[in-house]
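Here the structure comes first, spelled out in structure tokens, and everything after it is commentary.
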Amino acid sequence: MFNDLTQISAAHLFTAASALWLAGIGLTALGRERVKDILLAAVLLVGCLMALSGAAISWNHPVEYNQLQFLSFGLAQADARVDPLSVPFIALLGLLGAAAAVASPSHLAAFKEQGKKGHYWKLTFIFMIGLLQVLLAANAVAFLVFWEIMSLSSAALVAADHIRHRAQRAAFAYLTATRISTAFITAAFLFMHQNTGSWSLAAWHFDTPESLCAAVLLLAGVCTKAGIWPMHVWLPLAYPEPPAPTSALFSGLVSNLAIYLLMRLLLAGSCSHMIIAYVALALGTVSAVWGVLFALMERDLKKLLAYSSVENMGIILTAIGVAILAHSHGLADVAALATAGALFHSLNHGLVKALLFLGASSVERAAHTREMSALGGLSKNLPWTMLCFFVGSLSICAMPPMNCFASKWLLYQTFFHLSFAHVPIMERAIALAMVGILAFVGALSLACFTKAVGIAFLGRPRSEAAAKAKESPSGNPDGLILAQLLLTVACVMVGTSVPIALDGLTPALQQLTNNPALVGSSLFPMPLGQLTLVGALLVSSIYIFVLGGRSATAKSYITWDCGFGPLSTRAEETGSSFSHPIGRIFSQVLQMKVSTEISGKDRRHFPEIVKVETFMTPILETKIYQPLINAFDWLSSSLVRLQTGSIHIHLLYVFLTMILLVFLDTNI
Amino acid sequence: MNELLYLMILPAALALISLFLEVKLTRKLVPIVTWWQLAIVAFVLHPCLQGTERMQFASGLAIDKMGTYFILLTTFVVSCCVTHADYFFAAAEAAGDAYADRSLRLFYASVNLFLLAMTTVFLCDNLGYLWIAIEATTLSSAPLVYFERNKFALEATWKYLIVCSVGIAFALLGTVFIFAASQRGTPMEPTLNISELITHAQLLNFPLLRLGFIFCLIGYGTKAGIFPLHTWLPDAHAESPAPASAMLSGALLNCALFGIWKVASIINAAQPHSHVHQLVAVLGTVTVVAASLLLLRQHNFKRLWAYSSVENVGLMVFAIGLGSGPLFFLQALNHSLAKVALFLLTGNIIQASGTKKLNKMHGVIEDCPIWAGLLALAAFAVTGAPPFGAFVAEMSMLSLSMSDGRWILALIMTAAIAISFVAILAHVGKVIFGSGKQGFKSFQPARASIIPAILVLGTLVLGVGLNTEVWSGSWSVIR
Amino acid sequence: MVLDTFEALAMLAAIFGILILGTTHLRTNLSFYSLHTTAIAAVTAWIANITHDSHLYLVAAAVFAIKAWVIPYFLNTVIKKIGIGTDSGAFIAAPLSMHLGALLLGLSYVISLQIPGLIGDPDSRIGSTAAMSILFSGVLLMLTRRAAISQIVGFLVIENGIYLFAVTQTHGMPLMVEMGLLLEVLVAVMVAGLLLFNIKKSFEHIDVSQLTELKD
Amino acid sequence: MTLNLHAVLETLGFTATFLLLPPLIVGVIRKTKARFQNRIGAPVLQPYYDLLKLLSKSETISKHTSWIFRSTAAVNLSMLIILAFLAPWTSFRPFDLASDLFLVIYLLALTRFFTVLSALDAGSAFGGFGASREVTLALLVEPSVILCLASLGSVSQSSDLAFVFSFKNMELLNQPGLWFLAGCGLFLASLVELSRMPADDPTTHLELTMVHEAMILENSAANLALVEYSHFLKILILLGISSQCLLHAVPYFWHSTELIRAGASIACILLMAVSIAVIESVAVKLRWTKLPEFIAYSVAMSIFCVFIALGKNLN
């Protein structure tokens, strides 16, 4: 009885949230005042809260419902269901959506034109509907439909600042990538439908030999959408472009949904193809290293974050690879760890990356630039942003006791356990090597985010704009800051109560591993919460008793200048110089070159001007994608040349085609 | 016979009247009457929509469910176009380059003849009549292409006329072959009557029938714009005025493809899984691939849509190759709705910005957001993005092709559709985004958007409200 | 080989068709076309005689009237009005294309042996050879001539070839269809002729090979 | 609940040891180096005096710094204290606290995170240099550290370092090679991590070339004292871990009493301190660009460890 009640109400909540957002699109046409922004933000927020409460109700109760079945996409109806796997993602969606809703009015306050606000709201609502329904879709056709709605609306959001050429290019790159991904996924779905005769996602199992083709296509599609090397090139272009509130949704959910699809089909569908596992491991590893390396070298704060997403998606993919591997070897414990790691890390990463993007947007709003070489010293003027960004950075570097530490730890444990499992020695070797690679990637990401925080927020301001930056136009914390705080609190809370979070994921993990005995919290036996408490006590007592008492007597003075007098801020470390030593080590991959130009009469001893510039040639773009584009261009232009404009040639085509077809017809 | 009169009288009468009537009046009258015509067509033919009933008007003139659907679609498209044409001419007047009354009279007369010819195409149950009707559509639409009366329009018209006529001549040869097939080695009376041919398909001389089909494919394929017979298509579609382009693309192509379908259904009845179908499917795939590559490099806004039509023709030919009538119609329907909306919108934008060149267009979203939004939606619709109807059609086609074991074609098709999506959206993106254009004179943007909005909404409804299995199950004739 | 009368007439039509290729003088072309069509009308009449099919007589008369008389007359008028008497040139020199046409006549015989379903049907071979040859002549005419009017003639010749094929292979299609076809051809020529005027007016020439503005 | 007096005493003793020992190690290093240079050198206890002196001084802070700068010292010291309880730097442990390998590594990384940020906080060029080098070195060293420890863990099938280093794990009993290689690899890595020669020379005063000292240039008084003390503690822990590896390589200790082991642990740490001094006296600081080649030795050791671990579990 109670069960029925919850089922109905969860389904109603989700449908009502979608309907509310749909109504929100209509509301954009009404009214023209600032009140409207707040009203629409409230609509967005209420929808998100509905989704959250729906997720909470249906956490343990899979629900299938047919409220949307009046929608029919030709081959199948819009069947929906909530199962344990989709619930955590819906919760993430609700949280990030709420953050976006909170951030929206203050973001829009800067807009002069009403039209742009209208676009923003319409697209955001469509985007939200797409996101929610993708997670609820029970069959492949409905999934594809909402997947495309989500992709297209987010592409339009990427182009929000369309006057700039950069945004246009980014939107185009994203659109291309997402369409390629959809093509792959469509092909995979077609194959699976062919194999099983059903469109229902739950009916698909990837443990038969003929499902290999579909699995490969699926992996290709997901890799493109998730930004896995070498299909990640769109990601650093597209992620920085959407408006601040949606950039949180975009960075936190779009790639994650690709991972969600992969988990739903390959993990829950008990994929047993070793080749998929190996390819996932290989691609994931390369993109983890590649992503973080390029993130480190990046000068643009948001692009740095985008490349860091490539890294994290890579790591998640390796975990999925191991989960498949372990599943086919029958290693329940490793499979459990890997699945938990992949799921938990993708949720954590979504949360943290959204937080960081909001922070970067806040920086951009305050300083009107994302170039780290023009930032610096923001910790004084943007204390709240600084705090949130700092916590986010701690988390994404997997520093204990943050949430990402727990998920990274699960990943380490996955590989560690695989290294002494009963598997072929090659796989054990790979597993141990992966532990080292994860550590390497971790160290790189530490370098990367100390750079982000240290160069952007600490030190002295490197430009006028950075010196004059304000937390918000009014100077007081506003919605954008509030949204960051919301996500920060969420990060810390998850991080300090990992066993509770993992227990929450237990149903999802059981579904993914087909192991009903699995309990989430048993995977994470460390008393991280207690340790945090001890650590916090220690830190505060040391601070208060040793340092704090003396701060009154502390003398404030300039930074040490070697006695030369006030140093120019140009003497400070810049982003590029910070990462330069590492860049030199990987100069082959990065194609980094340094040109030094010294001029002056006596260049050797008394140089007048020294000009040092570092160049990086993106190797993938120039060596693979450019030739590929050229090939398409060539193909296209040779076809275009067929259209000569001469009627005689056109007639000749008709006759030749006739001869060809008649020949073919009589000879086949 | 009476019903036939009902179907034909209005366009025929209008064609005559509009030559003499005051142009201002004609511009208002023709849309009203054409919508009436749609109502009449629906009323007269509604028995055909239910079940499998055929309507026989005379010897060689009959209509079945497929034809009824197409006739309704065609009349609807023409109604939309003439309704929008009123706005189009008003906008031209407002922009200061009004068309001569003589041109407009000829335009409306041709449009009605054109409608008449197209209506006839779907009523034909005789291969000879079919040929005549399809050639009549060419002749009656030539004045539409030549409407602008400049050198480009002249060149386009000439190419259109000659290439299509020559192509269609081969369809005549094909018809002769099929007639010969019904004559040789069988006890039956020689006939061109399609339903009889289908009934006695097993008795026909198959090699001759196949040859006949190939020639018909070439002939009607030229008219439909199968690669590489499409060469006239971008010229004609780009040089005619927007409402005419819309009709050429949204209605005329369907007629030619309907011809192919009719002949294919004879082959289908004779031998359901012959190599010919494979050939047709391959031809459709080649067309889609070629068109998607051609789309990458376009400089003219209307040519872009013309090539997109070629791509969609490829898809429809593919559906015919799969032997699925419902999917053929579904694709045609969605393509017509989206493409008409696109051509009309493009016409608006070209009028307002004064150029057809893609690289000179930008920032429509700044100048006229409603057009930009509709343009984007229609572009999504025509490229087969969900939740629009073309997605349903394409997905069903791919699925059917997989279950027929033609998975290579399905994969190629998937890739080609993706390429064409990227190509079209790249161009449309450049048009929509960017800073506003100097001297962009949008004229009554809301009024100009009504028809395209209806069309886009139509294809959206098809995308979210159609169950293809139930729907195509109700056809019962073929698959 | 002894030819039937109608076969001889068909071959005559084919030969006239080839002769059209021999000159770039437009009025001579039209005269040959007239003769060629007359021969085809005669074939029709002769077949009507053989089969005792009364409607074929009607068709023969209509073909003669419309295609051998009205259309050439109309095109002659057009030529006079626009004042261009000769084709501005051919991609393949006229005599050469005539020889090519003659060779294609041979090829047509070979092809007509190959047409499936007609194999072993000796009474139709010559007829289909002639029809095929005429078809090829029309194609050559369309592909090699620059003048717009030659293309119209080429189209007419192709159409004649197909018609001859129909007549010899199937002994004529249904009357309604034949009449419709004739009407259609007539209208097509009229429309094309009107366009021709406009081409002359806009471009000051009727050389269609120079109409290459529209391309990508 | 009754308090176990014995356990309390043990804990107090343990705490006192790790709190008091670190400056002594540094004193030993300095004294040994002085002897090598034919100097008498400062007393071994000098580091204690220095710390006390620093604590009593008044602080000067750059006005450009933020709260990061102030809190770094406290955070680092706290984390190292926690690490001292967790990490197996000595065989003697008063209570059974699971010490996960990856947690230990990441707690160390956390201190680095703060140190690097505090170096960047004042906006001085030196701090930036130091920070940049620190992350570079960490990047190179981290895999080797984790691989050494993970291969030990892999053999014993546990990532709990307390269990791995407990002299109870029979899987590891007859693996002197593995232990020795791991010890050497960790020791080499520690040299880099601790900013000792040949990676960094802690005694020059040319900040341009330094790593650790460049990073803490802005710290003064109590703040500096805490930072220095944390660094000393880190020396204790890292040297402790590598010395534990070496002790495990000697089968004798597997059978000896706890007391002997505890004594040997301390002795071994001091021995290592001396050996650091020896190295620093006979070796020169490597050029910055040559450092990867040095670290490569440590990585090579870790790879050998991996091979042994894989071979051990060969079924």
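In this document, chain identifiers A, B, C and D correspond to the written order of the chains, with residue numbering beginning at 1 in each.
Simple rule for what comes next: contacts are C-beta pairs under 8 Å (C-beta built on N, C-alpha and C of every residue); 3 or more make two chains touch, one makes a residue touch a chain.
All figures in this text were calculated on a predicted structure; none of them were measured in a lab.
Participant: Shared touching chains for subunit A and subunit D?
Facilitator: none
Participant: For the chain pair with the highest number of C-beta contact pairs, give its two chain identifiers.
Facilitator: Most contacting pair of chains: A-D.
Participant: Quick check: how many Å separate the C-alpha centres of subunit A and subunit C?
Facilitator: 69
Participant: Quick one: report the Å distance separating subunit C from subunit D, using the average Cα coordinate of each chain.
Facilitator: Distance between chain centres: 100 Å.
Participant: Report the inter-chain centroid distance for subunit B and subunit C in whole angstrom, where each centroid is the mean of the CA atoms.
Facilitator: 31
Participant: Between subunit B and subunit D, what distance separates the C-alpha centroids? Give it in angstrom.
Facilitator: Roughly 78 Å, centre to centre.
Participant: Enumerate the residues of subunit A that touch no fewer than two other chains.
Facilitator: Correct list: 640, 643, 647, 651, 666.
Participant: For subunit C, jot down the residues that touch at least 2 other chains.
Facilitator: Within subunit C, the residues that touch at least two other chains are 116, 142, 151, 208, 211, 213-214, 216.
Participant: For this structure, give each pair of chains that are touching.
Facilitator: Every pair of chains in contact is listed here: A-B, A-C, A-D, B-C.
Participant: Over in the complex, which subunit A residues touch subunit C? Could you list them?
Facilitator: By the definition above, subunit A touches subunit C via 640, 643-648, 651-652, 655, 666.
Participant: For a test of understanding, state which residues of subunit D touch subunit A in their complex under the given definition.
Facilitator: 55, 58-68, 70-71, 73-75, 77-79, 81-82, 98, 100-103, 105-107, 109-110, 112-113, 116-117, 119-129, 131-133, 135-136, 138-140, 142-147, 150-151, 153-155, 157, 159, 217-218, 221-223, 226, 288-289, 292, 302, 306, 309-310, 313-315
Participant: Quick check: in the complex, which residue numbers of subunit C touch subunit B?
Facilitator: Subunit C residues touching subunit B: 115-118, 121, 135, 142, 148, 151, 155, 158-159, 162, 165-166, 169-170, 173-174, 176-177, 180-181, 183-184, 187-188, 191-192, 195, 198-199, 202-203, 208, 211, 213-214, 216.
Participant: If we count contacts the way the header does, which residues on subunit C are in touch with subunit A in the complex?
Facilitator: Subunit C reaches subunit A through residues 91, 114, 116, 139, 142-144, 151, 208-209, 211-216.
Participant: Quick one: which bits of subunit A touch subunit D in the complex? Just the residue numbers, please.
Facilitator: Those in contact with subunit D are residues 376-377, 379-380, 386, 390, 394, 397-400, 405, 408-409, 412-413, 416, 419-420, 422, 425, 428-429, 432-433, 435-437, 439-440, 442-444, 446-447, 449-451, 453-455, 457-460, 525-526, 528, 531, 534-535, 538-540, 542-543, 546-547, 550-551, 553-561, 567, 569, 571-573, 577-582, 584-585.
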